[in-house]
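These notes are about the structure you will find just below.
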């Protein structure tokens, strides 16, 4: 399993080019960035060289299509999605991810059928380029009532949704924070096959009652109460070989320098990989 | 458009064999019955002859699979669905229909994804035999709150669901009663293509505020306030050529003899087809 | 059924803008042009106005994706396909068509599976914009051996392929010339439902043995031996309401002026529509 | 990876019940048998107990649907397929396999589209029960010309076909004999993900020029020239955890007793698992 970083939790790290260099320097193997932007700015060959020189690959791109609002907005994003997918494929990245808010102001059943169709279209376009679509279920309890109607938030609901979408290249973005806040278990991970997981996020949670854990109250790996050793061990046991990417969402931006935050992140990964018997 | 009958509204009409004979005698062209049962009791050749001798075909079979409850129950019905479809195809019937209750006690979003996948499977099995699946949206307002959570009830929601199901052989069961109770218009019909309609039901409604119209308070065609002439004219204009089938759901069974009810039904069809300029 | 024109058979008619104007002047209702190009040159509002002022709509756009060669070439066209589809939808066009050569230098079975997947992807992208994909089977016998291995060329084979592609928005581009050179009958048309036809081409054939009829030896409607009256009558009877578009492929460009060729085309349409009882 | 047996290569081993007992006795973990037959003869609970008592599970059932001949024959098998799948699921088996002959007397392109649609339908029915469909490519050269037209026989062609079928639950039945006779490499295995493999067959080949190796000239594992150690090592490295099932097809039935053949099979597995570093 590859050690990965997103920009969340690294402060003002600057350009993606600098992010790549610093990630590599600190022993991280993947970064979540915009593949198309990297190529647009550098050209394909230089973008490839930049990644290779820093021993870094792209863990996942984000789904740029807005699939939660109007049909017009949705359609307007599809041509760019094809370009995003082409760029990701050209740089060897095979994952594209989006998150699922656990509530909606739309009528739930109607929103579900529309979103099912739209995410299927996104998966089909990504699939033409060999890219997989990862859906991130979101566990913190406060978000379940942040909009009028409950939507989907557990791993099992999301797997059912993936079945409804019905494309071979759709799976989970599996985030330890959402696994924890849902009260899911190690057995829930062990029941998965690796192809059901497109991407993994790793975050830690404060020592609070689980219902009070906030989505933007995340801690660096190893600094909180989630059993991240067990989490990683279970993922490794089922054969997951992809990226495990840190994404520290916090209410206020961290004050330390990016270099300090990278050190802190590295120390966190070392700790939890060791706890998993993987270091 | 073919004049069709279901058993609902015809009293104690007896066996399907008698139903077929009486439907033919009264000038109806289709009946909604269980194709497999007809073959099981009579053999394929005799079943075909019975229909042919009475100038009657099967308008639609009903979906025998229980797709609203447990996964176990759902799966248990799939082998019979294949047999139902084979029987229907052998008798020249190309439609199979089910209805959608407008509310559910399950969490709406989760029920939607499960039902999407299950109805897709049903459509796929039916499609292997050249049979289409018709989904009936259900309009009466009182049913929208008869279970805990709102589901889908309008034509437009149902068309969106058909898109989410994503199989080429799924369309609407279009019932005048549900069109009326939803407040849909002639323009809503005129915006359809005929392949979006798998089957049509015809019923009339009492002169009540539309919010008070009950699902089991239906009238024979021409005896109520629905613009059935306009309804049929619009269906004909878009090129619909299938069955228009009466299905009179009432709180209490009608007291008259089946023969009298057939006469009444025939008179109703004559009246509304004439109003549509189709008689 | 709408009277439609492509540029093939109209000589040096100039820009699409002039084509639209001349088509409208001669009473044609649709033109097959590149929707995206029209918008790119004129802007969306002016493009809409140009069509409306000339009482012309777009019959179909052509599929710009190269689905017959390398995977790289295929993928490179998908972003533009989304843009083409968006442009077509913005101008009210709902059809996009491609043709199927009846032989291939690739191994037939392998080419079939690759092309099935690629055309499905094209259909999925088009479907996101409400556009249908029409597949044109190609009948002239000489093309069946023009490449090493036989592929698909009959209506029935193409319908089977559409089933294999499996998307709801795929149907036939039905060309009278290919219907004729395949020896298909009026009964073959009458067995279709209108949703199986995305677009229609009309052409006439010289009085030669059918095996000797060349793909680029086409005549204007009414000038040859094809029963175009029967052809149109059958299409109308099944409920087809779309465009019937002339596409005169000839070995040498016609010598007459575009105005004269438009007159000739109009006379041909008048003759065959009259023969069909539709004028 | 589980050590598995089919009946092929075990002589007159008698009933499936005896087969299960003897497989267990000789340390094999899976058997390929007809799940429905086992339940029909024993009842579900006794069938489960029989397997459990012998520490054996079912590796894969065979696809009972005839998908290569007439549409009528195909459809006639679908109800039984649902029953087969239900039986397999009830016994914990998640695989169903069929083989692909590398040539066909049908026109190749047309057969391909029909078979694509039919295998998709089979996959959809199996998928409703959580069962995967494995497609076995067949490598021996003599079969490529045993029928009039070439079809598909390599791993890569078959993966392309799986993409064309387009269902999430379709993958390869990967047989060492077909891997070898196709001249595929260890790198070809290493490029796969485990979810692309539904089932594995293991067989060895005589020391002949690869073009002369016959489909029914197979040897027990470790008795021939295939690098089965490398084969197993590569499968293990990519994370395949399913069954590796022997299937010795020979021109003449082996003369030895089933017990002796089981010993011979066990010795073969011991040898090649050891060569793979897995014993």
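By written order: A, B, C and D. Residues from 1 in each chain.
What we mean here is this: a contact is a pair of C-beta atoms (placed from the backbone, for glycine too) under 8 Å apart; a residue touches a chain by one contact, two chains touch by 3 or more.
Predicted, not measured: the structure shown is a model, and the values here were computed from it.
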item	value
Which of B-C and C-D has more C-beta pairs touching across its chains	C-D
Selected pair, out of A-C, A-B or A-D, that shares over half of its residue contact pairs with B-D	A-C
Whole-Å separation of chain centres (CA-atom averages), subunit B against subunit C	37
Centroid distance [mean C-alpha coordinates] between subunit D and subunit C, Å	45
Multi-partner residues of subunit B (at least 2 other chains)	166
Contact set on subunit B toward subunit A in their complex	107-114, 116-117, 120, 149-152, 157, 160-161, 163-164, 166
In the complex, subunit A residues that touch subunit C	74-76, 78-83, 86, 89, 121, 124-125, 127-129
Subunit C residues within the subunit B interface of the complex	166-168, 193-195, 239, 241
